[in-house]
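Both complexes below contain chain A, partnered by chain B and then by chain C.
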Partner chain A sequence: MSNATQTIPAQPLATGKRRFGGGPERTNWPATAILILCTLGVLVPLYVTISMAFKTTGQAVDGNAFSLPSPLTLDSFVQAWTLTNFPRGFMISVFVSVTAVAGEIVVSALAAYAIVRNWDRRVFRWSFFYLLAAMFIPFPVVALPQIQLTGLVGLDNPLGVAILHIVFALAFNTMLFTAFLRSIPLELEESMRMDGAGTWQVFWRLIFPLLGPMSATVGIFAFIASWNDFMMPSLIISDPELQTIPVLQKMFQTQFSNSYNVAFASYLMAMAPAIVVYLFTQRWVMSGLTQGAVK
Partner chain B sequence: MLPPLTPAGTRVSRRTFLAAAGGSLAAIGLAGCAPAAAAPTITFHQSKPEAVPYFRDLAAKFTASQDRYRVLHDMATNLSASFVRSSPPDLGCLNYNLEMARFMERGALADLSDLPEAGSIRDDVLDLTNWYPTYPGRTSVIPYSVMAASVIYNRRIFEANGLSVPTTWDELIEVCERLKAAGITPIYGTFRDPWTIAQGLFDYTVGGMVDVRGFYQSMHQVGEKVGPDSEVSFQKTLLEPVRRMVQLKKYVNPDAASRGYGDGNTAMAQGQAAMYFQGPWAFGEIEKAATDLDLGTFPLPMTDNPADLKVRVNIDLSLWVPQVSNGQQGARAFLQYLMQPEIQNPYNAKFLGFGTVKDAPPVTDPRITEMQKYYDEGRFYMGASQFIPNTIPAANYIQSIMGGADPEATLRRMDADWARLAFRA
Partner chain C sequence: MSSMTRPSTRAVVTAPPAAKAPRARKSRVDPLYYFFLFPSLAIFTLAVTLPAVLGFVYSFTNSVGFGDFQFIGFRNFIAVFQDDGILGSYGFTLAFSLVTVILVNIVAFLLALGLTSRVRFRAALRTVFVIPMVISGIVIAFVFQYLFSNSLPLLGQGLGIEVLSSSILANPDLAWVGIVFVTAWQSVPSAMLIYIAGLLTVPPEVYEASSIDGASPWHNLRHITLPLVAGYAVINTVLGFKNYLNAYDIIVGLTDGGPGVSTRSVAMAIFRGFEGGDYAYQMANAVIFFLISVAIALIQLRFTRSKGGIAA
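Let's look at the complex of A and B:
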């Protein structure tokens, strides 16, 4: 995993002495232009979000989205904080995401390990196909029975949402893990068994650590999906005091009223963890994106 | 490279994680249980966003005023899901519309007719709930606040051009012509948002000419036979109002097609146009952008007879208690608390609503006082767009008419949709 940036030989553009035909150091202007445009596509909305969050209500609706906030105010943050009861909603969201991330990694890794090592047995092979088939069932299709079921068994709370996240992602995650597991040589495992290790020990001490890069990929996807999810918590959680942040933020978007400044302040606060997580894990995000592609 | 195998290390971290997860679970569980043990919790579902702090405050006050119930303000739970789960909120305080009426029609809402508060509601206001499908023999909803909507106009622009409020269709056209001649945009259109056309132009023009309730009663009776030859139909009954609606297109801002609700509010705050087809909910938004304004409201005149003038109303908030709620007593107690004049009247005054009880005080806000007369005399209708099930994308059809589609063909299509839906039912 070495994605060190390509070192470009120092070749100042101002000299204009580049050879005709160009070498690898030649600036690709069309690509640069496209990349600049793409960067703007991220930066402009981000700028509007940040400047909007610091505006007063009057300035937020004056029709000039790009103007700088004047006067600068933190009122929107205070309002968003109290309206959504931010600390509580935030903790619930963290709980759901952490449980979903940990659960998805462990459960899918276990399933994939069992399936790959028992591929010659029909039950395991078919159970793999059975799990894969679940990829074709999106949550909205089975939302109604899920609402009733979770209500019946007392899982109409954040824990139920986390469990549903784990289960719905099981299909895709198991596929990722299986593909990766096939590349781990059986001999490694055999040598450990020779020393008297049982299946659990082999899994926890050898296989699970080896699955690290793939676990990072699964974890990142799991975090993004569960942190941003609106529909599942909105339908499953029955106690309004245990609701997650995205659902609580719904109150800022209605047909009849716009509270851009409060909404954007709230979104910024909710975005923060995702950005922090990305900053710390971007190394794995980048490698993880290609990880799933290579068998 | 493999991470070094340190059994103790991994064990501890795993144990710490589990302990942390268990701990947070317990904390959440306890937080949920602790107050409930003291007094039964009444879930109060209310989701009108601008009124959330207001009602949250009321819920806290009620909880503090007695020790039998604790009221929990809920704005986040999905209503349909809670009914599916058989754990609906104990007391609802929501906009009453066709979607809500489905719960009533199926008997999901409890009878409240034994409450003295049910008897205090104005008969014609209580009757508004019967415009939608009902459950026989029950008073399932108690209207809490009525919103009256009509054309919002800028009094200063009218005065500066020597114009008075029009009371007939011809006067309206004349007002528009004179404003146009003076270089002022007569009507601000926000056609990018389909609902603004449906609830504004469409509802006002139709409501001013057609008996909305009678029309939909006949439409339901004719059902799957609705078509070019039926006694009522969109293409026949609504054609004339819709034609007039298209006629008004001449007087909107040229960029109406790309303007949304938010733009309209800002434009009205900046005095860019004289008239605006929105309800009082827009005042709160306009106020955000500018407060030094003199706005008023008048019913859209659609005929040559000023006696035909009517305003559009809707039950903005209604109170109901679900049949399966297990906090009936508490819900009723809080309902009665909310219905006290000293609670209900200030709410309506603050959020520009009209009172629903027989002795409700008249509104005092100068922006809506002009509608009081019509409301008192029962000269109102509910918006025609509000009776079309969501399965028919009526607002989009109406938007396409304003965008240039043939009104007759589009209304024919709505008839076909209506008949198809009736056939399926």
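Let's look at the complex of A and C:
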């Protein structure tokens, strides 16, 4: 939910290609220098997180956030690991994220396919607008009855959170998939049907593979949003033992308030998976965000 | 967005495979399509529509979240409008959203401008600038909370700046600055990427032609670049407001609504409905919040259409 502004992937942005002016150009060094300076805005908080995580408790409380850890120690990671019961939180976060990713892709793709192929039928057209209406309903508006209902039907757990992630991304994902599906030529599908394939085979053997790039974008944003979310799990999951990684970080605000090194080691372990996934899937993250809502 | 391809979709349904002669105006729908559509409609109805209707009904009652309740008409709504705490949360949320939208747009546009100019290490720089987007809001808020309450005061004392010498998060007049900063830190990347996409749509020839005519870079920026990216600014504003109005994670991590209630957002106020027994009361608040969100979205969409910017 946090900043899940997602969109369509078309082609990746032209990377490293010169855009302005033609012919031999000189590098704009002043602009390069300014931009490098600006990266400090991103890198300094990350540096503090990493260096604090490797400090001893003694050094961490001395107030200097920017000093290098000396001596370097892994103690804080060991402590954070056991304090937060990291393996359990990690498995729960993975479960929520994987369910959200798979669910968002499959549920939205199926709906989008049905809608696009039957656009001339009122039921499907209205369903589309009905699903789109969700864009106007943010989680806080329906949160209180949702907390009550999930408790009532026994979904006040990680599965319930994953389902809610699927639901709140549904409008956007369905819109993306329908836009993409409309650009797939029908001839492919028709020839497959001539050969006797039914709707089920056509979807799984032809359409779904064609949706691959779109699914990659939807999946990556689903992962980032669900892995990082605090609002939904903190409100929906009633058993503290079943909390996701971001929610677990709250314990450092109340207890252990002087073990900054342990807290930062824990923060680092919470951030790392999403950063790693981003670094490996950059291409999709960037193209996905840009080309999309933009016509 | 879809009008170009739509006719072909229609064609296939009205003209079924040659083997079957078209019986009626429309061929029969493969029931499997209903099966495809069903999961979405079902979870959406159960997880959004039903709670929304329930919440709406509850907002006219005196329910505390369980047990018996009575309908009390508009009393909750009238009380909400007289509740300084809730009005304060609206004031804070709207002002915070507005300031953040403006700040994010300016920073994102400048970064995008830099990244599309003739700079070196462009790919690496962009990789770094996008990182904040993939970091958990609450976790990075905890990191900044430490920096704001420990490192910044040290810096302020060292430089002899009175305002900064104690934690800004503990200052009711300044805590919002920290929240705006961290929210902007996290949302600049997505806005920046959208601006980059916008800037890349301007063909280089336009700038060349303009330079041949002797236009200054400043002239180019004002008369070519800015008008062309206006539509992208609207996208960023719409998406930004949508996120900031629901602000929660970062505020919880930085101030938890404090000091006092000075940085309590509307979402935080609504969620308190489960603690204080004012369940129905906060549902009325949620209904009002919903109407305000829709109103803001519609105003923006209207503005978008007049600009002809996007199809989202």
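Here are a few things to note about the model shown:
The working rule: the second predicted complex is superposed on the first by the 255 of 295 C-alpha atoms of A that agree within 3 Å, B and C clash if a C-alpha of one lies under 4 Å from a C-alpha of the other, contacts with A are read in each partner's own complex, and residues count from 1 in each chain.
What we mean here is this: contacts are C-beta pairs under 8 Å (C-beta built on N, C-alpha and C of every residue); 3 or more make two chains touch, one makes a residue touch a chain.
Keep in mind the model is a prediction, meaning the values are calculated, not measured.
Overlaying the two complexes via chain A brings chain B and chain C into a clash. By the document's definition of touching, of the two partners only chain B reaches A:Phe95; chain C does not. Shared-chain residue A:Tyr130: touches chain C; no touch with chain B. Of the two partner chains placed by superposition, only chain C is touched by A:Thr27; chain B is not. Legend: residue contacts after superposition of the two complexes on their common chain; A:Phe203 is shown touching chain C, with no touch to chain B.
By the document's definition of touching, both partners, chain B and chain C, reach A:Leu235.
Within the superposed three-chain model, A:Asp62 lies in touch with chain B and out of touch with chain C [touch as defined at top]. Legend: residue contacts after superposition of the two complexes on their common chain; A:Phe252 is shown touching both chain B and chain C. Between chain B and chain C, it is C that contacts the larger number of residues in chain A. Superposed model on chain A: among 23-31, 167-175 or 239-247, the stretch of chain C in collision with chain B is 167-175, the rest showing no clash.
Comparing the two interfaces of chain A, the one with chain B and the one with chain C have residues 63, 143-144, 147-148, 235, 247, 250, 252 in common.
Note for the complex: chain B touches chain A at residues 2-3, 5, 7, 10, 17, 21, 24-25, 28, 31-32, 43, 47, 49-50, 52-53, 72-78, 81-82, 84-87, 195, 261-263, 265-266, 269, 281-282, 284-285, 288-290. Residue ranges of chain A in contact with chain C, taken from their complex: 1-3, 5, 7, 13-16, 18-22, 25-29, 31-32, 34-36, 38-39, 41-43, 45-46, 48-49, 52, 63-66, 107-108, 110-111, 113-121, 123-124, 127, 130-131, 134, 136-149, 163-164, 166-168, 170, 174-175, 178-179, 182-183, 185-186, 190, 193-194, 198-200, 203, 224, 227-231, 235, 246-247, 249-250, 252-253, 260, 263-264, 267, 270-271, 274-275, 277-279, 282, 285-286, 289-295.
Those residues of chain C that touch chain A in the shared complex are 1-2, 5-6, 8-14, 17, 26, 29-30, 32-34, 36-37, 39-41, 43-44, 46-48, 50-52, 54-55, 58, 65, 111, 114-123, 125-140, 142-144, 146-147, 150-151, 154, 185-187, 190, 193-194, 196-200, 204, 207-208, 211, 232, 235, 239, 242-243, 245-246, 248-249, 252-253, 266-267, 270-271, 273-274, 279, 282-283, 286-287, 289-290, 293-294, 297, 310-312.
Within the complex formed with chain B, the residues of chain A that make contact are 57-58, 60-63, 83, 91-92, 95, 98-99, 102, 143-144, 147-148, 150-151, 156-159, 204-205, 209-210, 212, 234-243, 247-248, 250-252, 254-259.
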